[in-house]
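Read from first to last, the chains carry the letters A, B, C and D; within each, the first residue is number 1.
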């Protein structure tokens, strides 16, 4: 069984989730590695686009941010933010988009906090803010969320709701005025959560080899259903060499 | 005294009205000839732009419409309608714009009809419609209107108000929600009308050589003040050869 | 055609007073119509392309475009593609000192099908428009289905060398059709000028229903293919309007 | 800086967890701030550029961006540049069958001054941005005064050969400043990559006020001119990040 880091399995789990016809809205960091990996694994025809305006980038080298000139090479079009966000909200392309982003806090319904910990007006910790994730999560067909598995991150109520998940429970999004599309999975360094079709509550779907469901629950401040958890397939040799030799040879992100 | 057609003096009167710092919104037809003439007479630094997106066109040849590829040569930028109309409504560039357009009917306040004669839903005569003139007249710093001097065109009330002039009288535009900028002159084949600073009513400002004020009044269905009329300067040799040899050698428009 | 939303119906010098068949249909009560301004239609397509419900606009307050609605209530209700309201005049919620009050909202348009003609495209569907883009990109991205005819197909590698010159990503395009001289008798910047001879021919034949019918049979319904159409126009005329590369149009073209 | 309207404060890998001084100022209560999303700010500048009062947007309904306002009422009233309302949630007047109800309106922004860095400009002021335009054109056209620094001045004749590649007309530009490497330590597509060495240096010096002060004195306040700054960076580093023309960035650049 090949050795792998938790970041590597996180990336590969996300990559396997991306389908051939998906238009992938790529945030900064680990989500880029996942989108690039997907092109070589499950979704060669998937389209990677960045909120900055690079549409269907070839990504010869891993960009370090959505503004990195590496997102501009060999694209179908190089445009700007207005065009990229237009793709998200466009009634014909929006539903095909898969958003991939990370967050500092998440609640039971997949609502995210990328803004602050503590009081908004005088926070203990301030983060970059919504960026484009909020706009993407409002309109994408579905989204994939990367999180570190820590108690303080999986909370009953996020300190600031930056990015909408399922809004509290069934019909929540519709009532808020958003299309009824939301997060499909949460990938952490210990396992994978999904959202119940009816209650839209988070439940444990996968645990990585050698990790027990209860261990994941211990790293969460909220009680979730563990009954459906099965073991995730570990990374294969090819998948790992793809990440290490081709996508992120300098180990910039994973 | 050189021979000239009424179209030629109309064009030259408009050209003399354009100043060096003006941004000229050019409609189709005679207004293009006026804008091009102005560059050689009074306003070499004036900027000609078209609603289709050609900004500061060099116009080596006279275009026959705002969509003519001749508007695309040597421009500062070739963009699209959204950009051009942005220039009109932009708070910093809009006030510098001079709109030049024609119309089928005009009233005492310079409100124009370019849509229909008779009942809107079943008109005797149907014209192209607003085009971009309405948008331009709403926001330009001032506008120049070309009209044929005919009774049926100078009316108390236009059949359809396509393009806003001074809206009925003082404060009319402000009340309608438009900036207090409007038409500055009406140029016909017999003379030139302007608008009273206070009442915003049309009055006769100039008559062409050989034409009496009353003759102009006889070709109008509305009574206007003739007391301020003086004779317009006739075209000069250079002005006429500029039109005939350089701007419209094929006599396409004048 | 049963109903049109129009902001300018005309081809200037080649249809003095307005589009020949367009005037005839309206004056003859043969068609429903709704008037907007060029900027309104531009913004309506832009809203459709960006998935926004409407766009604000300030111009045309105080005009009949706001007051007189072409489509009646019943027609609006019966046709899902037509917005239930032509426009809405609202208060500007951000008006600071009470001056900047009224704003007009115009509804988005999402066409079922948009047809545009562009200079270049690659086999995958990326589209490059040269010169002015008019409102083509907005109309293209707002549509459910997009068909792009083009003068030339270029290699994907070539069109992706300068992607900042491309306007429409391939996944928004449903079909690319190679149609050289596809815009004839109108112009295509960088390829050919408009054809004054043919536009004048149309101008003469269109006003009378009988001769208009002849025109359609000769150049539209009666032609087997686009090539057949170009044969009718004739090599000589096509070369007469060929554009000078640097200018994008045919210098000195006889246009009376 | 007294107050900021922000949608993303960070430089990714070179400021993990968010912009270093940005975090410090907010966590230290040293600055007023208002949070929007990237798309909202894009649309706010687009509205400003087009002279529109606001722009509609559908995203962020149901989030704290709508509910929690950073600037208080008094501050909004006192500063004419700040809109009196952060945003307004309204009913969509064109909602057909009662589903598509709420829409958020965000107010236009017209900056007093906008500074952008572009690849090329001519002496008259026409600006050409290569690669992505981000929201530069919107921010530029929305401003009362616009200052454009550029890598190169090109002849007017050259820049006007392909005007469909220019974004900003000269009469909207108040000043052109030629500043090669003007975006350093960030990248300028087609000219040079970002400088990982310098970004890491900043990342180490910025967190502590004392070393941040040293950084400012050394590279910002203490330099006599931009050339003086480039001398400090050094020829070697500048050539290390020089972009490959075809790629627009420096292939294989060591970026750890």
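The rule we apply is simple: contacts are C-beta pairs under 8 Å (C-beta built on N, C-alpha and C of every residue); 3 or more make two chains touch, one makes a residue touch a chain.
Note that this is a predicted model, so its numbers are computed, not measured.
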Chain labels contacting chain A and also chain C: D
Reaching chain B from chain A through chains that touch each other, fewest steps: 2
Furthest chain, CA centroid comparison against chain D: B
Distance from chain D to chain A - Cα centre to Cα centre, in angstrom: 25
Distance between chain centroids, defined by C-alpha means - chain C, chain D (Å): 35
Gap in Å, rounded to a whole number, between the CA centres of chain D and chain B: 40
Multi-chain contact residues (two or more partners), chain A: 72, 78-79, 82, 85, 88-89, 139
Of all residues in chain D, the ones touching two or more other chains: 51-52, 57-58, 103, 131-133, 164
Chain-to-chain touches, reported pairwise for every pair that qualifies: A-C, A-D, B-C, B-D, C-D
Chain C residues touching chain A - in the complex, by the definition given at the top: 49-52, 110, 124, 126, 141-144, 160, 163-164, 166-172
Chain D - residues contacting chain A, complex: 6-14, 17-19, 22-23, 26-27, 29, 35-40, 42-43, 46, 57-65, 68, 70, 101-103, 131-138, 186-187, 189, 193-194, 243, 247-249, 251-252, 254-256
Sites on chain B touched by chain D in the complex: 23, 47, 55-56, 58, 72, 74-79, 82, 85-94, 96, 139
Residue ranges of chain A in contact with chain D within the complex: 28-29, 51-54, 60-61, 64-65, 67-73, 78-82, 85, 88-89, 115-116, 120-132, 134-135, 137-139, 160-164, 167, 172-173, 176-178, 250-253
Complex interface listing, chain C residues touching chain D: 47, 51-58, 80, 83-85, 88, 90, 92-96, 100, 103, 105, 107-108, 129-133, 161, 164-165, 246
